[in-house]
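Order as written gives the chain letters A, B, C, D and E; numbering starts at 1 within each chain.
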Amino acid sequence: MTVTYSLKVSRTGTFTFPRLLFMWKGSVYKLLYKELLIYLLLFYALSLTYRFALTGAYKAAFELTCSFFKDSLLDAIPLSFLMGFYVSLVVSRWWDKYVCIPNTDEICQVFATFIRGSDDVTRMQRRTLVRWITLSSAIVYTSVSAPVFRRFPTTKHLVQAGLLTEKEHAMFENMPTPHVKWWLPLSWSCNLVARLKAEGKIESGGTAVIQKIQLHRASCATMMDYDWIGVPLVYTQVVTIATYTFFIAKLFSSQFLESSTDLDIWFPVILVFEFLFYFGWLKVAEVMINPYGGDDDDFEINYILDRMFQVGLLIVDNCYDLVPDLEKDRYWE
Amino acid sequence: MTVTYSLKVSRTGTFTFPRLLFMWKGSVYKLLYKELLIYLLLFYALSLTYRFALTGAYKAAFELTCSFFKDSLLDAIPLSFLMGFYVSLVVSRWWDKYVCIPNTDEICQVFATFIRGSDDVTRMQRRTLVRWITLSSAIVYTSVSAPVFRRFPTTKHLVQAGLLTEKEHAMFENMPTPHVKWWLPLSWSCNLVARLKAEGKIESGGTAVIQKIQLHRASCATMMDYDWIGVPLVYTQVVTIATYTFFIAKLFSSQFLESSTDLDIWFPVILVFEFLFYFGWLKVAEVMINPYGGDDDDFEINYILDRMFQVGLLIVDNCYDLVPDLEKDRYWE
Amino acid sequence: MTVTYSLKVSRTGTFTFPRLLFMWKGSVYKLLYKELLIYLLLFYALSLTYRFALTGAYKAAFELTCSFFKDSLLDAIPLSFLMGFYVSLVVSRWWDKYVCIPNTDEICQVFATFIRGSDDVTRMQRRTLVRWITLSSAIVYTSVSAPVFRRFPTTKHLVQAGLLTEKEHAMFENMPTPHVKWWLPLSWSCNLVARLKAEGKIESGGTAVIQKIQLHRASCATMMDYDWIGVPLVYTQVVTIATYTFFIAKLFSSQFLESSTDLDIWFPVILVFEFLFYFGWLKVAEVMINPYGGDDDDFEINYILDRMFQVGLLIVDNCYDLVPDLEKDRYWE
Amino acid sequence: MTVTYSLKVSRTGTFTFPRLLFMWKGSVYKLLYKELLIYLLLFYALSLTYRFALTGAYKAAFELTCSFFKDSLLDAIPLSFLMGFYVSLVVSRWWDKYVCIPNTDEICQVFATFIRGSDDVTRMQRRTLVRWITLSSAIVYTSVSAPVFRRFPTTKHLVQAGLLTEKEHAMFENMPTPHVKWWLPLSWSCNLVARLKAEGKIESGGTAVIQKIQLHRASCATMMDYDWIGVPLVYTQVVTIATYTFFIAKLFSSQFLESSTDLDIWFPVILVFEFLFYFGWLKVAEVMINPYGGDDDDFEINYILDRMFQVGLLIVDNCYDLVPDLEKDRYWE
Amino acid sequence: MTVTYSLKVSRTGTFTFPRLLFMWKGSVYKLLYKELLIYLLLFYALSLTYRFALTGAYKAAFELTCSFFKDSLLDAIPLSFLMGFYVSLVVSRWWDKYVCIPNTDEICQVFATFIRGSDDVTRMQRRTLVRWITLSSAIVYTSVSAPVFRRFPTTKHLVQAGLLTEKEHAMFENMPTPHVKWWLPLSWSCNLVARLKAEGKIESGGTAVIQKIQLHRASCATMMDYDWIGVPLVYTQVVTIATYTFFIAKLFSSQFLESSTDLDIWFPVILVFEFLFYFGWLKVAEVMINPYGGDDDDFEINYILDRMFQVGLLIVDNCYDLVPDLEKDRYWE
């Protein structure tokens, strides 16, 4: 479920952004608290070992190790730079991934406008077209979105959900190709439209209808593409390695050493802060790299699918040829 | 109300940008003075406590704390880097959010061009189409913009404003769906156009009219999307946490310590400057993250709505078939 | 007047870019020399006061102030980072602002292609359409560009320039709306086209003509938008404050102190260089933030307007139906 | 073969990104292990020479060299900055290079919709059009992609693959032009469509078909362009020189010197880490700069070609006029 | 001539990028070796003067100057930051400048498809249209590209090249306007198409042909725009000043001083490296800022022009109505 906070930031005030810190769902705390606990555990394990268990040469070796990391590593890599560019890439793809989710309201309205008639056959034609359009989206969604896949693990489940009839299911399964067949219902749709045109049922606007179906097809194809061609693995690995190595080194370099004249406050406040900062930034990427998933802040594909089908049927059927009686408006002169 | 200063920067001169510093509305001072006062209060509370209240070990502990933050924190995080990328994202979305506000002048002109006739019925048809287009925008605006929502908290208020008739209101309320129904007036519009086409009133150009309505629908949908899918909460939280923690640490690290050989000027001039810099930058993001709101620099959605309706009616009615008598122009040979 | 230097950088050679340093018009020197003189004046005022006027405790206080700024401020803010992102935003808007200036050649050619006839009435129709298109641009330009506004401060001046006839002027003034009326000539144009279509004068292509007029309308609207919705004031203020404060602090921190062992060269060469660098960068933003203005490097809107009108008339009138006699070309086999 | 890991990052959990570190195919380790081994070999060669072979003045000279690089070079260039911008450019071109790969499903559907008839001649016409469209892509692919070139080193191989008939091959070879002839099959296609239109076989929609072929042509042309106009060589060279010089200097500056008081751990852990970081980042660019190649993470052009042809034939032939019987759907009221 | 190296980077291997370092054409060495020689000459002039000519106070003053620059300048400006953003802007314009070069294959195909007939008159019409389209491009190219200007310094040269006939040349010269007349052949083309439509020679598709010509016109206009409106001079100057001043200061700060304990290797290896790095980066901008020029890596406009004309004639003439005999393909069932 997307976490929407736009109303909370409608007016800029003294506590606009700070107030957001008290949201839990989709928050950096919810995403990070487990990692932080594990990390602190490791930190204290080392710390207590050093303070109470180690003696003599071992203690000295530990201290040398800590200084070694303190001096050398921290300037060695410009982590924030890499992260900035990487997150920037992930964010721009994240929005593209939202935009390519097909919006079927327009296509349904086009069906309602150009396929005229209130008889049962015509209604069935319009409703079936809506169903096929929805069906092709649903098949694409099962490929790219884990929650939708869990809902429709097989095409049989699409039949149960009323998106596919038994006969269609058979035709679908018999089509001889190893590739994903999300385009098949769109083929059916175009063929139906072509028949309606041949029958003279669609007088003008046939091309417009075909074009809308093509646009829908393009949206679906783009979704498949974004899923198939991700950010190259090597990029994600470099970022991950950099962040994790940085914090492993920090485990040592942040230890309070007995030789130090600093304040020994037992709790690594700076380290925790850095952890929230860098891992929070990395979590931004993790949340956004596959927004079709089941995270708090991912797009609600299942909801989108249901709304698409319901509103689509409303538009082509309930609202078909529905026009309120015209009246003179208040500003009529 | 948008703060427009483009005329002031028309010519580049010695004092072009400095002059902008004396604007109050929409300014960084107006946005920040409360935060700055609170922050200075905290700073002086600490400072005076340290100078006059603390003694002995407490004083030493305070000094240690201050040095601790001075040495460690300030290099720990590259705040400006994170901020740069974050603000860059918010700014690019901010402009997209402006661009997607539907401009209805074109669609109204298309109505005026293709739906011909000066009789009352045809005028009513054109005016009603304008009203429905405006109505769909208005419903979208109430969802995304707090000021518009305050103006039209219920659909009843749309009736009072003359955007919806009583009968239409009943039809609107009876449509059985839990989703926002901004698309319903657009459905009515398409249906009316389809009827006019069937009646032969729109000879050519029917498809062009439908396409324009579809473009309007796409704009409205994009506005809804930008509201629904915001910058992921975790990103905003990371930026906010980073900035606030940075300045909490600065409360200590900027204190004048008695052991210091620096100039003790009692007023933390550098700190105030940094505060203006970093919080000003953050305020840029706060102002722009929801530009449909009620800030000084937000888009004036209510004004846009009123202009859209008024100019729309002018175009389809007052200017209908209005062509000045043709004359030879001055450069005629 | 735009400063064009693309020919000078056609070939990359040893002195390609350095040669550009000797251009004066639109140069960083021309834009900055006044600021630099004022700044150096302030610098020497302080320097001479310190060297010759101050004594004892005052001198010591001055020195402390200088060191204070030297140590603290310069690392306090990442000016270049903020500037980089800000200028990047301004530059991308700058080009968008150029692109949205309507190019009317295409629309005029469409008039010439689809409105056929060499008689005086048809010529008048085509020429009037060109005039109205140009007129709508001119009205938009007066809103967004100071030089064009100085040329046409009132609509009366448009009449004098031959862009508006007296009768049209009366109709224009009588249209009852408080909003800018740049769209009115476009309404006239569409209405005229609709009449021509009804008269059968435009057989096919009527929709193409209307679409071109709509594209022109969209360009004009975009220009108005870019003028109305500028970079939020707070962003420009933060950048300006940061740069000015930085250089005020530099006034002190760059002073040669008597206790210093550095070379005392009396002229702050590094400071001047930094000034050119940072203020030059800021000037890039100042020049580009309103490119419709009267700077050396701004777009020549008045020229664009004149060319648009002249070439438009040429296309629809002088070149109407002009086709050279066809001959076999040299490569004919 | 593209390495797809989107399902693995569907949910953000504690070990989402770390788990990716254990993938081998397309990984940073697979790409870098050879380089790293060579680099370590050089490092130890130097190290052991210094420790055991060198004496006296030579040892001192070596130590001076090491310190020289340590002090000077490492701050001399902002490698990460250059790399950030360069990789950013390469990444944005990489995605554009994917997007421009033509998707022929739409064009095939258009053939199936507008070229009606189930007789053998019409089937042959549709199938031939699909084959020609695929053929033009194939010729483009052989120009831009090494794996496809290895598959079809000559046009004879296209004949063997069934994409070109013998007669067509002769016509293809006889066309007198030195330029790549990928556009020729598209010319044939347009000519065939024009004939079908003249014969009245395509009643409406002829323009739509031509437009689709033009879009396909544009995609192919864009692929050729991206191959022809790469990132300027000088940019890639600057980045490469910077990275390699940096690590050559590091060979010296990372040596443990006997005069040092640091921990001598014999293994240059920091250096290895930096190597993975910077060279990993550079490898991102190397992998993405020519994504039509044969790397683990490159686009599978051969697979795309095969799928295109197979699905294309399915759409125009097997699915031609295929419409399941219409039934009332489950939500029928 | 563009330097294409995409095949060399097809597979990522150990020496993929390093191998590119051995290319000379378009390389950073070829672009920089003269600058580097001059720079080294200056460096050694100073160095030898200091070492052998200067004595006493002069030597001390020189040393002070060197330290002065060493301490102060190098942190004073973030050169890499400015360069990063500047080069990023130039690169994005560079690609836009390539994309806007008109591709005439599509328009020629449209001529061949919609203007039917194999008689000499029709062939002449199609060929003439191709010639005029090419001609308008050629005129634009002479304005923006130095190599094309050298080829066609006057319109007479266009006549000699067979792009313009004598009669057309006269008409062209007589058109009374001071502005560049590249749009005139496009006007002729549209007028010819309009006549063909009136004659019934183009039955359908007339609008499609006009639209293609308009797209070509838009491409040409964009090329003119990119030439006319360059990156503002002040931006290029700031970058140039920054780089040159930086390296002038480096001339001093990189001198080996006798008081130094560093290694005196006589050759400023670090400096040369920095020079290659920063000037190489600047050269990227110099090469890309006017890619229509005659650099190694610039677009080959003359080649593009010739190919355009030749392939255009092939498409409309040799390939006119050329369709291979249809056969059953290998996968026919």
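Here is the rule we use: contacts are C-beta pairs under 8 Å (C-beta built on N, C-alpha and C of every residue); 3 or more make two chains touch, one makes a residue touch a chain.
Since this is a predicted model, take the numbers as computed values, not measurements.
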Geometric centre distance via CA averages, chain D-chain A, whole Å: 24
Any idea how many Å lie between the Cα centroids of chain C and chain D? 39
Check: chain B positions touching at least 2 other chains come out as 31, 81, 84, 88, 283, 287
Graph of touching chains, which shape: line, ring, star, complete, other? ring
Beginning at chain D, go round the ring through chain E first and name each chain as you reach it. D, E, C, B, A
Residue ranges of chain E in contact with chain C within the complex: 31, 34-35, 38, 61, 64-65, 67-68, 71-73, 76-78, 81-82, 84-85, 88-89, 121, 124-125, 127-128, 131, 144-146, 162, 165, 167-168, 171, 175-177, 179, 183-184, 186-188, 190-195, 197-198, 206-207, 210-211, 214, 217-218, 221, 225, 227-230, 232-238, 240-242, 244-245, 282-283, 286-287, 289-290, 292-295, 313
Contact residues on chain B for chain C in the complex? 2-7, 9-12, 14, 16-18, 20-21, 23, 25-28, 31, 80-81, 84, 87-88, 91, 95, 98-99, 103, 105-106, 109-110, 112-114, 116, 204-205, 208, 262-263, 265, 270, 273-274, 276-278, 280-281, 283-284, 287-288, 297, 299, 307, 310-311, 314-315, 318-332
